[in-house]
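Just dropping this structure here.
Chain IDs A, B, C, D, E and F follow the sequence of writing; residue 1 opens each chain.
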């Protein structure tokens, strides 16, 4: 039911397992995957939007969820999300639509959670 | 259990939400996505078969389901479906097989439903 | 300059080399790749159109060229080609456009050749 | 709960349905899909590792599961699996990570089952 | 030699041919493909960066070139380009590298042209 | 004409330009991309074969060329190459064939070069 919580717990649990294996190249990649979205010449917000649109055109639901969470934390608003979605849709085509449906669903879950926390 | 009903309801519910956001470009894309399968020089049946094979080689289960429903409505018969599947399989390779399994499963659900309605 | 001739000669030369290696699985696959487009419940024309749209959404220029040639041989007319292109474009998105440009270019070469042969 | 058993049963049930349809090209493809991993100049173990890495960069969970099972049967050890994962990750990028999580999860299920059977 | 000029001329020539065919759905798609990058809640600059990163992870050289030109017109600077490239590289993996090479090559051509025009 | 030399020179020239930009994340990724193919639990030869098959199913000609060179250096023989090709073909489908043609072409260039050097 609480898709957001399940997503986060599974992600955390499995990341821990993967990193504890101590395969140096995998761990370095994970490290790089965190660093690349940090503020630089482009803001972290912009980079997370880049991550989101990439995940949508490559059609990876879990990656989309992760970047939706991060974009929301960086202050992306609903109207901006739909403009990112529109770019993903035109670039990637109708094959993106099922992922768009799930993205909008997950976004509304994030919005509800934010409402409650106020 | 009733995969067909769940698929349709979720699809409808989320499409409504997406369209009610009134992002003009997204709504225009959805409109275009309907129009492109209409009868023209090629029949709607042929175009739906084109949509099905495209969905299979791009490996999108929800898109496959949608075009299976539409192809069935347009009168595509079981033997024709398997010939479409064979083209998708040769073009797209063994990576298509898991989607083929789910496609055949869903097709049989569609066939059973049709039987009942007779 | 004569893109069509170059395409055909390279294709033939390399296919011959590949088949003469006598790797049984590769040769069987090539055989299957020919058989799957033969007349069955669906006509060879329909199957070639399925092959064309698949090649477009998967964005493979050589595969597109091959199926353009075969579709033309099966009697697909210009208006039908553009309807196949429109399905590929909506399904696959703007990322298909560069391949669409080259497809239209190659199609016109095929049409000119046909004119001359009359 | 028993993901491994469910995976195997569904796979078997649907493969049977597909093959019993007697579409010659599909059946030949399935046959080829088995033969290509047999011992040759390269061992079956090496070929299954090739199948696994291909499934990971193409991001197909069911294909990954199948090759994890087969690689395990061929004697691939945990440290080797993580090196295959590392190649898939670098070649395919962070978009592979969600599939990596599920692969490690499934691998541990396979390892537990093996423990019990001892 | 002048890759930029060739790219632009071919693109323009073929777009004209495609649009003059008057396939309504294709023409509407092309129209949509222009509109989606216009200023909205997100600036045109941000949207062009979204288009660029999408083109890179989907590995389409012509799309990359187009968005490099547009991003440059919108004022994206070299350091920002390399941060977009870094996101594309981590998300899409080493398979993106050959496209990155050509992107950097084309970017330098754009920079030289800009120098001359001053 | 000397495809091998051109490939190597362009690759080297552009890699140098990219690395000299000193974008830390890009440079770390390039470093990781070298390290991941080093001997470990799996030999460098096996890992290069994994890299080759991945490049083929993802259909990246430059990546294929690079791994063909490296596999050849690691002692992969012609018969083994064709077995790797057969796995790529079955997994990735007929869409791989144009890349297979170019791979065989490039492999023969590598073999001729080796002959001369004897």
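Here is the rule we go by: a residue touches a chain if its C-beta (ideal position, glycine included) is under 8 Å from a C-beta of that chain, and two chains touch if they have at least 3 such contacts.
These figures come from a predicted structure and were not determined experimentally.
The minimum number of touch steps separating chain C from chain D is 1. Note on D-E: across the candidates A-E, A-C or C-D, the interface recurring with over half of the contact pairs conserved by residue number is A-C.
Mean C-alpha position of chain B lies 38 Å from that of chain F. One simple way to say how far apart two chains are is to compare their mean CA positions; for chain B and chain D this gives 27 Å. Mean C-alpha position of chain D lies 24 Å from that of chain F. For chain C, the set of residues touching two or more other chains reads 25, 29, 32-33, 36, 54-55, 57-58, 63, 83, 86, 89-92, 94-95. Taken together, the touching pairs cover every possible pairing of the chains. Of all the residues in chain F, the ones that touch chain E in their complex are 10-11, 14-15, 17-18, 21, 23, 25-26, 29-30, 33, 54-55, 58, 60-63. Across the interface of their complex, chain D is touched by residues 32-33, 36-37, 40-42, 46-47, 49-51, 53-55, 57-58, 63, 77, 79-80, 83-84, 86-88, 90-92 of chain F. Within the complex formed with chain F, the chain A residues making contact are 24-25, 28-29, 32, 35-36. Every residue of chain F that touches chain B in the complex is listed here, in rising order: 57, 89-96.
For chain D in complex with chain A, the residues that touch the partner chain are 59, 78, 82-83, 85-86, 89-90, 94-95, 97-98, 100-102, 104-105, 108.
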